[in-house]
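Below are two complexes that have subunit A in common, paired first with subunit B and then with subunit C.
Take a look at the complex of A and B:
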């Protein structure tokens, strides 16, 4: 019934080599964790202790802020070397066609062209894909979307490379299109892949759906449709590759998991893994959009073939058509509630358009299903979901990863149900929330503390909510508002797992090394894509080592220098890599004490660390980290490895999580009933991300997530017609600008996570999920119209208002 | 090919280039000044904003043939500029930087704004920065950064 097995077998094996000589590793699984650490984390995370922290919970300046404001930081697109060539990709002319022949001879003759490569030049499987490898690096005999790569040109300048693309002759035979995902489900549809059009399907039932609905007083059924959305990070995909005389291939590029990229390059090109070094520097935004392979394999191929350093940098248009997006999804929900406000039954049908290749469609569907009840308990559940192939571009990982789409539907349902039974929408939510000990979703048990009830409670007490009738009156015509303006106030809530979910290897590892000058180098294999995690991780190390953050040097993702620390996705970095860092730092301190005890001649257990020194309790004997470093022959090196906890039982399907973050948002907006324009005035966000490691970064994530959610609800959409992208620039793909920014207030509740570093969970995805449904609920509050199709453009609002007027 | 002479961050430069090569590419490829970023190449996102003769321009749609005698200020020159330095410091202190890729462009637009209007209202800041796109921050802390810089400069 499910194809979860394929998820497991194709994932990358752990890359954890034994610790180096002179080094030591601490490794914790959840079982060990429970025995040794939980109680201490719980007690330490109490508010009284928080004040005693030096760096945790403080507004520490980001470690990368200064080189980012003075222009000195090198992003992947900023890498240029002498003698390098430029690579450019020929994309498919048709969204679906057979390739009969590719003639590169004219292109090869163009002066300045170094090489033109096609599938014939690839020795490996010529396929990539995180979950399953079905996407060609360079297409052989068929193209399935307009972003498919057909040929790769290497030239002395980018202008020549561009010109050479025009000279490549491809003989295509266009094929009929598959653009309707419903059509893809039919037996007799055109098949885009050998095994058919279904990437993944999931079916789950709990309880008795029939008797559940029979016991409901109110049943609400709706279909919600969500558009394709672009990550639209500001730095398009870029990188540089070179091969040295010993055949070591070095690729420096954007990405979200350097170790998996090595595996993908090796497999696609049949090049030995140990001969590949992947470095993923500070990247100009990702949001999931750089999780799948983009430039990496093309760079590797061109460098290996030409033996020259080469640079590839996708144009904005190329980014729009070739890269992954947020899945367009259709969700039908039928939900039953008693008049007392108890959710009793929920039937869900999901159809997800994954586009031409699998990438992460399967796992995204798993998360749609896992989150389709919202953070609520519903005893009777029936879910059926499909992810299908079509010729509509590509969809994959995007901040929220299916939970965004699931909550859009569920949080709309919750408001409709609340109105039908005459209950306050936040009270209905609070009445049904999941608590510790509950079994929920796809049969998971909430074994950790979960802060959704506290998030809801804090939102309910917020003055914008308690005083909403007055605020609404003031903003609407008739009150003091402008003529034709209608104000609405809406809420939505959400939750999301931290980590990849049971069934996938999920661990993080940090190495710390003492430098001769007494500073410490922190090696961490996750990637700084803008979220601020390198700063948070540095704060964690600083707190344990009692060393100011500026004395910690951060070395980021480099497969030859850092340990495999898993993906930079899935709201997992500050939680998992943070915890690995905490373990490494504790380990490191023990080693420091051991070395110091030899110098000060006191037993290690009598020693403390303070401000870069080890001292005995009386403070009389002190030895600095620098003195310890100079006393050692080999550098002192400590590692910490953390395994994200997973449930100890088996599940029939999905990628069930154990640790969950949550968030509640209140949105105040005005609708101009004459123009259909929506102005979001104010957003209140109450995330629970456990202990806040750095308040500026949490606020920054929250603000960015909200504005991104506004884009999803109101403006953004990749328009695809007959397989062709229609808006491939930033003036036609409409992003929120400075004009659209509302007043934002972020007031986190901090329910400590007992397995997280200092009680931290994570924040990356829950900050964006509630915004769109809260906007839909506020629109309903303002004008009495329920929108179920995103984005809600002014045209849709005017149409709906006119239809409503005609009916009256 | 043409030869153009102009000033970048106070220094005289001479570049030989095709007449249609963009100022952005000249800065990044010929002069090694990679602080100025490309986000779209079409003047739509503001990431490549520099100041040319006192005005904020998107350097991806300025070409070599327009450069003779021009005075260009890029993000690399901001630390030596009174308003620029104040903006850099305020952006760091306000948490205005996340991935940071759009930030050089924002700093240049803000520099042009504060030179013309040393004490802008929030709406004037929004207008002054409306040609720059940011995907990470939600803009809030960027506005904070501009306000903080204006306040510090006003003292």
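Take a look at the complex of A and C:
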């Protein structure tokens, strides 16, 4: 029996479908796709055919490389205009308190202060939140975490704005804190929100858990705890807003979904959506941390009130305390396996600390649940999960989105089970993998090709794995006895869905336009957050149009110029926006042929495109794109819209997914048993991201993901005591640096995704997920100690070694 | 930008005159790597600043008659790369390498690091075991004090408001002396030390004498480890001797738990780093 407590779905999709902007449009749902396109993609995407491509799979230099290096590309924090004012936010003094009164009079009198705004100045609902709107733009009568915004100052300079913050008097009445998520579950706990402290809960059963465990030869039970983690992107949240004389509000800012930002601004401030233009093509890193609203509504509010251009740029400290983080989670897992290595039963209990507001806590919990079995078949399952409110900062979207936490626990379990039944850890995984057609997890179906078996197989054949005993021996020397260095080799695997999952509108759209000079402009509403997707998308268009990438002009997220193409999250951009671009380009080529046929006087079906020209098959009659452009009275425009396939059955909002990427990593590390220091020496990554559109981008994602995973496992932690953040700078929040980066080898397997552009899937999140559990498994291999609490600092290692020594 | 009253004299005498006139109301800066951060984070109003970075007469490293003299304005980068320091105060070069980032090392000065009197300053334990002497100068005179008597607590020193730290000197290491500086941070570089151990001794064969040990980040100021030094005096190095010395130094370490580490780890690591340093030195030692 399956019980489902469904989410209160208040997610407001900005548009059910991107409205046409003119030109011809091709739109594909999965059903249409299956009928018309699948076979050709499948056959063409075979590795042997890759040589036939001109731009796909090639190491094309990123289209934004040069302007980013020479500084001509402007990030949101680089934007300044004449006459602009600075906005600064007064944050809460207490992690939980009532606001009795706010007195802004002294601040308003300070020379240089333009305006001081509070909740009273807001006409709309004064709330935001992607999933439900429970977070105030400016707090009214209560603050729930130290990052809560209480007042907003606009001033001629940043310094005056800061000074003004000190002059705002807020009369608080501190309230008792709710800082223990277990406490939040109790009936009699302090309630942070009207409806209680539970953001979301999920309970599923599948099969018969009791008889499942009864049939197990080995049962392993453990509790894993994971810390709060910061995205630590290079550019802290920033933007610039202005209002023109017709009342059009333009906000240029960081973000991950310009169209939803428009909706959130309009709703919070009660300002008409059509009068808002968001421009946010380039963001200096996000990793999910800019998915939720950060500066956008504050910028809009200040610009509308002052009618002056205004800039807001969070300090690093402000970023740390006010923005979302990776959820601290406690996961209890009890897993049963037969001595032949068949997983038979799995019981999972999840408690996720979401902090003060909902943001994406519910959907993150869904993904913890979706991935709690790893990419393995387990017939008997029971899962119970809760996401709760506390006064501990705020947590939301972060690369991996719950799958990271789920796999940390599950991939540890897999190694423990493998050891207990005396099986190679990769063989145990390979024995239980999900394949196409299988029913897995909470009852989902794998309807697409899934490459985890091939990823595991390639990892098993890698020389670092086959030769691991020798590599381990070589590294374990140095001093005498337990004073020396111990080498360990660990492995972990993972999978993750591409796209938002069932129940949420999930489409992408691209527009192409022919320019007078024969070049093509590509309009795409997703965001370049550093991942390189604008380059990958350009390559896809270049391949179909047979036009060099430098002849394609890219126009990124701008709600008045580009179509809504969905979020830049959830490992979906190259897959969905790439496919929309492929459709637009095919459409565009048809239109070009149609126009060319009038000039060369041959039927369109006899024509083909080559190097920016349309020619007939004999190659004798040629007309260039430029000639076509000059023959036209109206610009040639083509649109392509792609709908991500969805499963038939919905379990909860965003659950389940249909298209899955996977990744296996092998980690080699040394533990200094004298000091507890860990040095990661080498990481092998075998992602399956479908067809690789650009190997440089896949390697870049993989390397960055691995270093991020190392930070999660070994270094990073937001320390919160009684609701206050203790490390709010990059000198105390410890990230791995170039000195910690190991040798990394990324060797992708390319299992084509039939609905993806040229067979591409995606790569953004699976690259980071296996690293932390692989490190835990390697630590166990090195020193025989199983760590279940992140991050594993030298302090913890020394303590554990000491305890182990005392036991012996 | 906030404007701060700043004096930038070109001569030492002028700087000393300003100091004697202004006394408490002025703060000395050289590389300014600490104060800039504090001002930007609005944690400190520095009042007026005396910028001594133009006093080129304080920028030198030289060796005369067995004494190494380092001018106040010498940067960590200069120390790290100096052939004199590498030969005559090697462990100081090791410590200077560890400090901050390349940018910090290019600006931050040794006198600034010492005068800040931070218990975690990486250059101080090496300077202690080298037997460094600080030259404090004012318009009314000059005095020289051993570095061990300089800091009285975090950020507190015996320096008078009218004094400037102008030179740090120590007896050059001789060929029969061994030394090392070992430290642990939250990551390899770009991190503040959790614990640091500086060691210097004369060594004949493997026999140690004139032993000096200093510990960073395990007390409100950099401290020495006299009982450990006394234990090692006259002993021949062996792994067993090192292990015993480690046990003693752990008891001399007086660490606390904070955001960077724990009391027990720090104390234990004072011993571990002694063992690690010995192992490193004796691996390549000709005896």
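Following the convention adopted for this analysis, the second predicted complex is superposed on the first by the 776 of 808 C-alpha atoms of A that agree within 3 Å, B and C clash if a C-alpha of one lies under 4 Å from a C-alpha of the other, contacts with A are read in each partner's own complex, and residues count from 1 in each chain.
Rule of thumb we're sticking to: a residue touches a chain if its C-beta (ideal position, glycine included) is under 8 Å from a C-beta of that chain, and two chains touch if they have at least 3 such contacts.
The model shown is predicted, which means the values in this text are computed figures rather than measured ones.
> Have a look at where A:595 lands relative to subunit B and subunit C in the superposition and call it first, second, both or neither.
Neither partner.
> Would you check which partner chain A:715 touches, where first means subunit B only, second means subunit C only, and both and neither mean what they say?
The answer is second: A:715 touches subunit C but not subunit B.
> Contact-wise, after the overlay, does A:677 reach subunit B, subunit C, both or neither (first, second, both, neither)?
A:677 contacts subunit C only, not subunit B.
> A:731 in the overlay: touching subunit B, subunit C, both, or neither? Say first, second, both or neither.
Touch partners of A:731: subunit B and subunit C.
> As a test of reading the superposition: which chain, subunit B or subunit C, is in touch with more residues of subunit A?
With both complexes superposed on chain A, more residues of subunit A are touched by B.
> Does the superposition put A:234 against subunit B (first), subunit C (second), both, or neither?
Touch status of A:234: first partner only.
> Quick check for you: in the superposed arrangement, does A:739 touch first (subunit B), second (subunit C), both or neither?
In the superposition, A:739 touches subunit B and subunit C alike.
> Which parts of subunit A are in contact with subunit B and also with subunit C?
731, 735, 737, 739
> Could you list, by residue number, the parts of subunit A that touch subunit B in their complex?
59, 61-62, 64-66, 68-75, 77-78, 80, 231-236, 282-287, 315-316, 529-532, 696-697, 699-700, 702-708, 729-731, 735, 737-739, 741, 744
> Could you list, by residue number, the parts of subunit C that touch subunit A in their complex?
Answer in residue numbers: 1-2, 41-42, 184, 186-192, 239, 259-262, 264-265, 268-269, 272-273, 275-276, 279.
> Spell out the part of subunit A that touches subunit C in their complex, as residue ranges.
159, 162, 317, 479-480, 483, 674-677, 715, 719, 726-727, 731-732, 734-737, 739-740, 794-795, 798-799
> If you look only at subunit B, which of its residues touch subunit A in the complex?
Its residues touching subunit A are 28-29, 32-42, 44-45, 47, 74-76, 78-79, 88, 91-93, 95, 97-104, 107, 125-127, 129-130, 132-143.
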